[in-house]
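Some notes on the structure that comes next.
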Amino acid sequence: MRKKSFASDNNSGIHPSVLDAIIRANEGHCIGYGDDPYTNKAIKAFKKTFGENCDIYFVLNGTGANVLGLKAVTKPFQAIICTDVSHLNMDECGAPESLIGAKLLQVKNTNGKLSIEQLEDFLSFKGNEHHAQPRIVSITQATELGTVYTPDEILKISEFVHKNNMLLHMDGARVSNAAAYLGTTLKEITGDVGVDILSFGGTKNGLMMAEAVVFFDRLLSKEFKYIRKQGLHLVSKMRYVSAQFEPYLNENLWLMNAQKANKMATMLKEKLSTLSFCKIVYPVQSNAVFLTLPHSVAEKLRKEYFFYYWDEKKPIIRLMTSFDTEEKDIEEFVQTLKNLSES
Amino acid sequence: MRKKSFASDNNSGIHPSVLDAIIRANEGHCIGYGDDPYTNKAIKAFKKTFGENCDIYFVLNGTGANVLGLKAVTKPFQAIICTDVSHLNMDECGAPESLIGAKLLQVKNTNGKLSIEQLEDFLSFKGNEHHAQPRIVSITQATELGTVYTPDEILKISEFVHKNNMLLHMDGARVSNAAAYLGTTLKEITGDVGVDILSFGGTKNGLMMAEAVVFFDRLLSKEFKYIRKQGLHLVSKMRYVSAQFEPYLNENLWLMNAQKANKMATMLKEKLSTLSFCKIVYPVQSNAVFLTLPHSVAEKLRKEYFFYYWDEKKPIIRLMTSFDTEEKDIEEFVQTLKNLSES
Amino acid sequence: MRKKSFASDNNSGIHPSVLDAIIRANEGHCIGYGDDPYTNKAIKAFKKTFGENCDIYFVLNGTGANVLGLKAVTKPFQAIICTDVSHLNMDECGAPESLIGAKLLQVKNTNGKLSIEQLEDFLSFKGNEHHAQPRIVSITQATELGTVYTPDEILKISEFVHKNNMLLHMDGARVSNAAAYLGTTLKEITGDVGVDILSFGGTKNGLMMAEAVVFFDRLLSKEFKYIRKQGLHLVSKMRYVSAQFEPYLNENLWLMNAQKANKMATMLKEKLSTLSFCKIVYPVQSNAVFLTLPHSVAEKLRKEYFFYYWDEKKPIIRLMTSFDTEEKDIEEFVQTLKNLSES
Amino acid sequence: MRKKSFASDNNSGIHPSVLDAIIRANEGHCIGYGDDPYTNKAIKAFKKTFGENCDIYFVLNGTGANVLGLKAVTKPFQAIICTDVSHLNMDECGAPESLIGAKLLQVKNTNGKLSIEQLEDFLSFKGNEHHAQPRIVSITQATELGTVYTPDEILKISEFVHKNNMLLHMDGARVSNAAAYLGTTLKEITGDVGVDILSFGGTKNGLMMAEAVVFFDRLLSKEFKYIRKQGLHLVSKMRYVSAQFEPYLNENLWLMNAQKANKMATMLKEKLSTLSFCKIVYPVQSNAVFLTLPHSVAEKLRKEYFFYYWDEKKPIIRLMTSFDTEEKDIEEFVQTLKNLSES
């Protein structure tokens, strides 16, 4: 059996309950494109989770959720404010610019987050046709650096955003890990604190390829069915996507998986902290651990375990835990690392 | 148990062998985004099928395959020639225009097909900056009307296309049904007769959501990995897409499923032909049957069986068979129709 | 001195009064981008012409006016219905598709025009996410074939369009010629009969490079300043564009120039009708004359006078008159043609 | 007569020699879209200036030159590296992102310039499909802060760029001012030092609305005629654009106008330096002077002279001189400022 990877939380497979749901969905014929009982049931589960007034659309990956959700509310002459390290800015191969036509306005992150002071700088762009017009603030929860915005931080941002006639988008690829860390419901860190559009992640937390765009105001979503279709994310056999959300939401799988991954990350951090040559770089608040290592050790480690350099110069490496990471996987990893440092 | 539908070949579920392959893929950790053993194995199966020189990329639906495959070879000032009834022109919500930026030049179909004479009319556009520049001819195999281009017809089109410095794209959402009808290999009606880019369908023939873009010239695909990522079709857990192609290609599932669906369509056509109030509209060469019915019968039928009107005025309705359509499903359908006509 | 051309009404220079206005504008400093007295004065002239409630933006050419005006009111998943011979469809190198992202839905013209019956066919697309959503009907006045819609014809189209929650766009590259033919004001064949967005042409009627987008409902234009800037049509030295409209509108140059060109086209038609080998193809209602000629004569003529083939097979050639075409130019042309036919 | 403005070099009118050239061009008929003697002559003048192998296309403004020139060489999944203060990044309302589909990668400027060290950081993006692919480095000459790259600085950047399979673009809205400052020819700071694509400015230096895209390698421009047409910048009466370049290049107007504006900026800087409450912010190397002022003085000044705040907080204001700025205009401005500071 292959070793468990710490490269990404998408290296794990899918949770057994999710696989079961897929198997159960494979019965008989259904009308395509979402007009089926599995999708209706999943939408009910989402409304129970996020509120009756929200509107939900299933898509196939996180880039799809982010880009299409934002396309619904952003015109080509408008701009999206996000951090320099955001997935939107760094890891979507320019899809936001190319498919929405909009401009990204980046601000330098502090532990993965942006601040209201940084947003204020863009207000002077408003009304001046030479500048792309600030329309969206996009934050990531948990952030790309594994940190978590508190509900109060999000509320303050959303108040600023709305006061200035903008909208708040949340890239929630790991929003379940954030809620697990904070001990809140999903709604308490999204719709309740002013998020307008949420990319709700599933794939990094035990699903196969299933994400959702959640609109907390149905006025914002009224054209989204066309945007999803034109955006290449309408699938005919929708039931296999939507069925996954049944156990995920109704059986609290989102929470159990996230709690497990978070717990493993904390354990990993603690064990790594005992190694004198390792330094943890950011607060560990979800399922990510960023650390610096001597270059020589990092290079040796990469032969044993695939991982991504976050910053190759220093170097900083990123480790992710998953719902199926076990204590012994961590012990094996840390032991390997220790051995390599001594070899 | 729900009645089998004749609305579309995407109303069926997934073939049991495909589900098994997905279940088998759910073991341990894999590097994401396609650098995994399932994907490598699937690519080998494609090369065995289509030739060693082709290049293969997996995507999630047919619109994705068409639009992204064409985007790799079409610039925004260029044009794609296709029929008026092509999926590209009618059923992709303007995605080709919006995501490629290119223009579609439509020609009126004859039984779903286009002719070289029609293509000649566009040659005068070449070199004139006021006109979008013809770059691609796109044909659908089997066509949207259920008919099939012979290998010789395709060869003649590809020779014309290449002589005029253009490329030939095939929307092969149902290319397996065409090969099953013609009794050829898949290669004999694609790369061997000059197709440059193929959208290879799987979803309508028993897969979950799995299609492939096949480039028969690797020069055409050298930037496709960026186009797929930016086009929202790179999935992290790629193994669950690619694993489906293992039984599909290596166990001849593509052929058996297509043969079954085709056979059922022929049976459906024959039984419908015995009903005096039904008229079959197009030659039945794959898994589609188009027929005219009295309006009153059509409306009653729609309460029993969901189907799509192809032309609501006349009306013409489209019936599709699937890999899991059974003789008794057809008998039940035809009997229902007969009863309704008499009621 | 070079011979006058009949190839296009853009082959003439600019009217002396327009040149004078440009010379007068070249005095001292002005704030850029349209906040200058010449632009303010031109806007007043437009409001006097088209009504106080309209909103006016200057652009630099007809393709710019059409594409940017339509971009203001059309989303990428929407569609624009126009004729097969429309400038939008044929002569803008795919700019509508590429820059708006929208789909063009073409209908076959009758003498350059479209009909309400043809529009009805697209109503079934509405609400179906697989189809681009009909949003705009675009008509050209005078049409590309030199014919003219009557005010009543336009009114009937606009009523249909508005009833179905769409908007009416007019490509008015030669709207002055149409008004001159009909004996109406400009307003009577645009805003008064339900046109929502007008591309108001100037360049083909004696201006240098100056067109305007006229919005008859200010709600439609509220974001246009950003669209024009992003669409590359905001010029810093705006005064040189706007100054041209002063004589054009306030001194009735639009009408005098158009009347002159129309009169010359009628004269050209009459003289050509006396030649047995010429056949006039479409009604001459503005400044265009389409005729068929024997191929051999057409080829000889092309060595003496540059012109555009409208249909090279038959052939049909297009002749345009301009504000500066004189009777002797027509006589010389017709005499040349006669001589060539006999040589 | 209105006071001369220091808000922008586009607030001046057009040079009398340029107006004369336009008047001379208004004679008889010409074939449209650039196939005319004025355009041919202008192209010859460009080839004399920039070398026989370059390819030249006229456009109407600087944003058009930048965006369309870059569109010719940049695919939607590629990226353009530029400074944070570049016109491309700040003042084109997101047109590069929207019309090219490409991503801008910004680096923090030092006195308006970027450095090779900053470019190196992006090399790791190459080949990774998650990141937009660095393809272009765009520098502005003279920079948006009025400074000038030396020929050697440009050469070093171009060598780095080409070694890494990228291209060098120069936004030369004020390249004439840079050459005038350096005492070089235009060719010596563009094609001779490795610039691949140049936006050659004219409008800010005495032309009406006339810029050119200069390709130093004809392979790069082979599709540009389609890109310009689709990009809304092909004008029918091209002669009125191209005629302006005749005196500009053949009579050395580009140099005389730039020398005059530069000289006036130096004079302005010197006189402002005598005022204790003014501080010059950047080296004055072309026709821009940036200075800080007390807020109260700046606000009073703005009632007398319109100007643009560069940074409203500090504040920094930007003053531009033009080809028609006179010594007395500067004296009047400085005297006004002095009076205001004492009032």
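Order of writing sets the chain letters: A, B, C and D. Residues in each chain are counted from 1.
Here is the rule we go by: contacts are C-beta pairs under 8 Å (C-beta built on N, C-alpha and C of every residue); 3 or more make two chains touch, one makes a residue touch a chain.
Predicted model, so just to flag it, every value in this text is computed and none were measured.
Ranking B-C and C-D by contacting C-beta pairs places C-D first. Chain centres here are means of the Cα atoms, and by that rule the chain farthest away from chain B is D.
Averaging Cα coordinates per chain places chain B and chain C 41 Å apart.
Each chain gets a centre from the mean of its Cα atoms; for chain C and chain D, those two points are 33 Å apart.
Looking at chain D, residues 76-77, 92-94, 98, 101, 129-130, 132, 226, 229-230, 234 sit in touch with two or more other chains. On the side of chain A, the complex with chain C involves touching residues 33, 75-77, 101, 129-130, 132-133, 223, 225-230, 234.
Residues 1-5, 7-8, 10-14, 19, 22-23, 25-32, 60-61, 63-64, 67-68, 92-95, 98-99, 203-204, 208-209, 226, 229-237, 240-241, 306, 322 of chain C touch chain D in their complex. Per the touch definition, chain A reaches chain D in the complex via residues 76-79, 90-94, 97-98, 101-104, 106, 124, 129-132, 312.
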